[in-house]
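Starting off with a structure, shown below.
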Amino acid sequence: MAEKCKTCELFDSGHRACGGCGAALAARLVTKAAGTETIVVSSTGCMEVFSTPYPETAWKVPWIHSLFENASAVASGIEAALKKQGRKEKIVIMAGDGATFDIGMVCISGAFERGHDFTYICYDNEAYMNTGIQRSGATPYDASTTTSPAGSHSFGNKRPKKDMPAILAAHGAPYVATASIAYPADLMQKVEKAMGTPGPCYVQVHAPCCTGWGFEGDQTIAIAKLAIETGLWPNFEMVDGKVTKVKKVVRKPVTEYLKTQKRFRHLFKPKQQDAEIAAIQAIADRNAEKYGLDIKLKKE
Amino acid sequence: MALTVGCRARPGKSRDNKTGSWRVFKPIFDHEKCSKCGMCQTLCPEGCIHEDAEGTFIPDYAYCKGCGICAEECPKEAIAMKQEEK
Amino acid sequence: MMEITEGSHAVAEAVRLCRPQVVSAYPITPQTHIVEALADFVANGTLDAEYINVENEFSALSACVGASAAGSRTYSATTSQGLALMFEVCFNAAGMRLPIVMSIANRALGAPLSIWNDMQDSISLRDAGWLQFYAEDNQEATDLHYIAYRVSEDYKVLLPSFVCFDGFILSHTYEPVDMLTQADVDRYLPKFSPPERLDAADPISFGMYATPEYYLEFRYEHDKALKGARDVIAKAGKEFATLFGRDYSAMVEGYQLNDAETVIVAMGSLCGTIKDAIDEMRADGKKVGLLKIRVFRPFPSEDVAKFIKAAQQVQRIAVLDKNISLGAKGATALEVKDALYGSAVPIWNYILGLGGRDVRKKDIKDIVALAEKGQGDQFYGLRKEVL
């Protein structure tokens, strides 16, 4: 088991993330849960860029960045090397949603199919943030990004979020979970569980981005909570492909989440787009149905 | 300082970058109201809130970017954001 | 010990003796026999390595990046389309200063698709910052792997190497090869011990990004290390010669250069054919010589200039290229011309052998005749009837 680090910080101050950055918090919490006997493999992206401008590095654990799409393949090589050298460090991949859902798909699929022992953390801020907010496979339906902008002829991103947890569960991943920086203890527990489960494990961490989504930096946690409370971000665990634990909520209507962020502003101004909001509500309802999100209130 | 081989570095130098200079608003901690729950320390993206020997939570203003998450999330409303005099 | 063995198998055996801890494998003609042989070794316990069946070549080299950074000697093999797919990772691995050794069974690049030999694949990556060795025959193909690991892992170098040998022509032919023993290789190649590695005991960040303030200097250091490999090759090659009798200390080699009036410059298996053709031409009274280039990166400009200067009778130089920088000339010709800048000797470029077009002794003689007539800078051997 990884040496835990309740009081030490393995992700140092002085990094260049925006104030209020969800991903920076994710990096801190994940490394706290992982402990010192960890090798972190990062893909290109916000986290890599704000943490390692030569010669400043915020990482106090061994860390490697190779390319945008190949963290899983690099991790596969590290795992093989550690095995041969008889070393016990654990491997944690930290990659954004762009690197995970899109450009890294081939490498992830290969690594998960081969069953390497590592933990893959996707910090999901739902777009290519480092390059200035472009649409990824994780961008939610109707979110406005620079490559899926809302306009007179468009409501923004046309496609729902790709279901990465299901894809990786289908690869036979023994443990797959979603988590959020809104619930740090839950997040860290899931990271520990993933690291303690042999084989390729995946934890998708919701990391709201104030700069990219358009909200004030102090709202990061509140918005992360709303994502869960509206059912748009189901928080769950899967063991051997079966959903075993789910965070149940008394569900709020999706408008409470959507109205907090500029990326959904076009659904309300200049006029409210009821059909679009209903479509997003339907996504939340389907999530609630699929994962059993709703707290069943006792009948009087 | 001589270059490392292959653009590598050991830990520590990120602390040379005093991100406290980014701040517009500054969190002021009221230790009377504090219930010592540690939520501020847990949620700070900079990891710059530290617990002292008495269990009080102190922000490190050298790095605090003034994002306001600690103030927003403190269950006792013990942290207030004040515009900084420069 | 002398063995008659297929080129791929000799290379696989040499790699086995180098004791890589991690091998990543993806099939592609004509290197597949190498990774198959290595898989057999692992399955039968004669190679103690982790063998990763990656999903494509990009991941093959990426896995090597991880393994090398974590402190293990690592290996992969590829060619043509596979090497092209690795393009991004090649620059990355070299810039990260990871001493990976990769075999390239040289093959033409598509389109049009071709499985047959030419050198376009590795030549097209000459900018990537890797060392590039080119083998004349299977003996060299085999030995150059020991040399490559030794040179790459030297602290003054710390750069990855391509060991290139012509696909099919060398990889699939049986030649007599003197194979070293495990004890031999253990004596020559020390255990891999990089100055830094991914290790919780001494955390380091690998692969940071460099702002304009630093990037130029990193590239300068990289270039310096690559050019400095010349001295490391000299030392490593001399030691190999002392132990095993075959000398790889020079980056170029002359054959019958002293009184040559026509000098042919070439790399790879062409050199064997050229040497035979030279013997026949000399018997007919024609004074032809060969300057063989065995290391293409770092480019041996000084040595090329020195050897040509010493060939005091030279009247013309014919540079043969099994590659072409389309829209310009063959890569070797361009580099040779640069090395010989200021010389009055005409230098002619012949593009030949592309996509597996056979090159015979007769062709070499024809090329010498063309050079004598002052006809060059052309494709050689075009089938006019299909144009």
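Per-chain residue numbering starts at 1, and chain names A, B and C are given in the order in which the chains are listed.
Quick note on the criterion: contacts are C-beta pairs under 8 Å (C-beta built on N, C-alpha and C of every residue); 3 or more make two chains touch, one makes a residue touch a chain.
Just so it is clear, the structure is predicted and the values come from calculations on it, not from any experiment.
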{"item": "Chain pair with the higher count of C-beta pairs in contact (B-C, A-C)", "value": "A-C"}
{"item": "Most widely separated chain from chain B, with each centre as the mean of CA atoms", "value": "C"}
{"item": "Distance between the centres, which are taken as Cα means, of chain B and chain A, whole angstrom", "value": "23"}
{"item": "Between chain C and chain A, distance of the C-alpha-averaged centres to the nearest whole Å", "value": "43"}
{"item": "Between chain B and chain C, centroid-to-centroid distance (C-alpha), Å", "value": "54"}
{"item": "Contacts with two or more other chains, residues of chain C listed in rising order", "value": "96, 202-210, 214"}
{"item": "Per-residue overlap in chain A, given as positions that touch at least 2 other chains", "value": "52, 54-55, 57, 59-60"}
{"item": "Residues of chain B engaged with two or more neighbouring chains", "value": "7, 9-11"}
{"item": "Footprint of chain A on chain C - complex, ascending", "value": "21-22, 24, 48-50, 52-56, 58-60, 62-72, 74, 88-89, 92, 96, 198-200, 202-211, 214"}
{"item": "Interface residues, chain A side, partner chain C - complex", "value": "36-39, 41, 48-49, 52-55, 57, 59-67, 69-70, 72-85, 89, 106-107, 109-111, 113-114"}
{"item": "Chain B contact footprint on chain C (complex, rising order)", "value": "95-98, 158, 195-196, 202-210, 214, 217-218, 221"}
{"item": "Residues of chain B that touch chain A when the two form their complex", "value": "1, 4, 7, 9-19, 22-23, 42-48, 51, 60, 62-63, 65-69, 71-73, 81"}
{"item": "Chain C-touching residues of chain B, taken from the complex the two chains share", "value": "3, 5-11"}
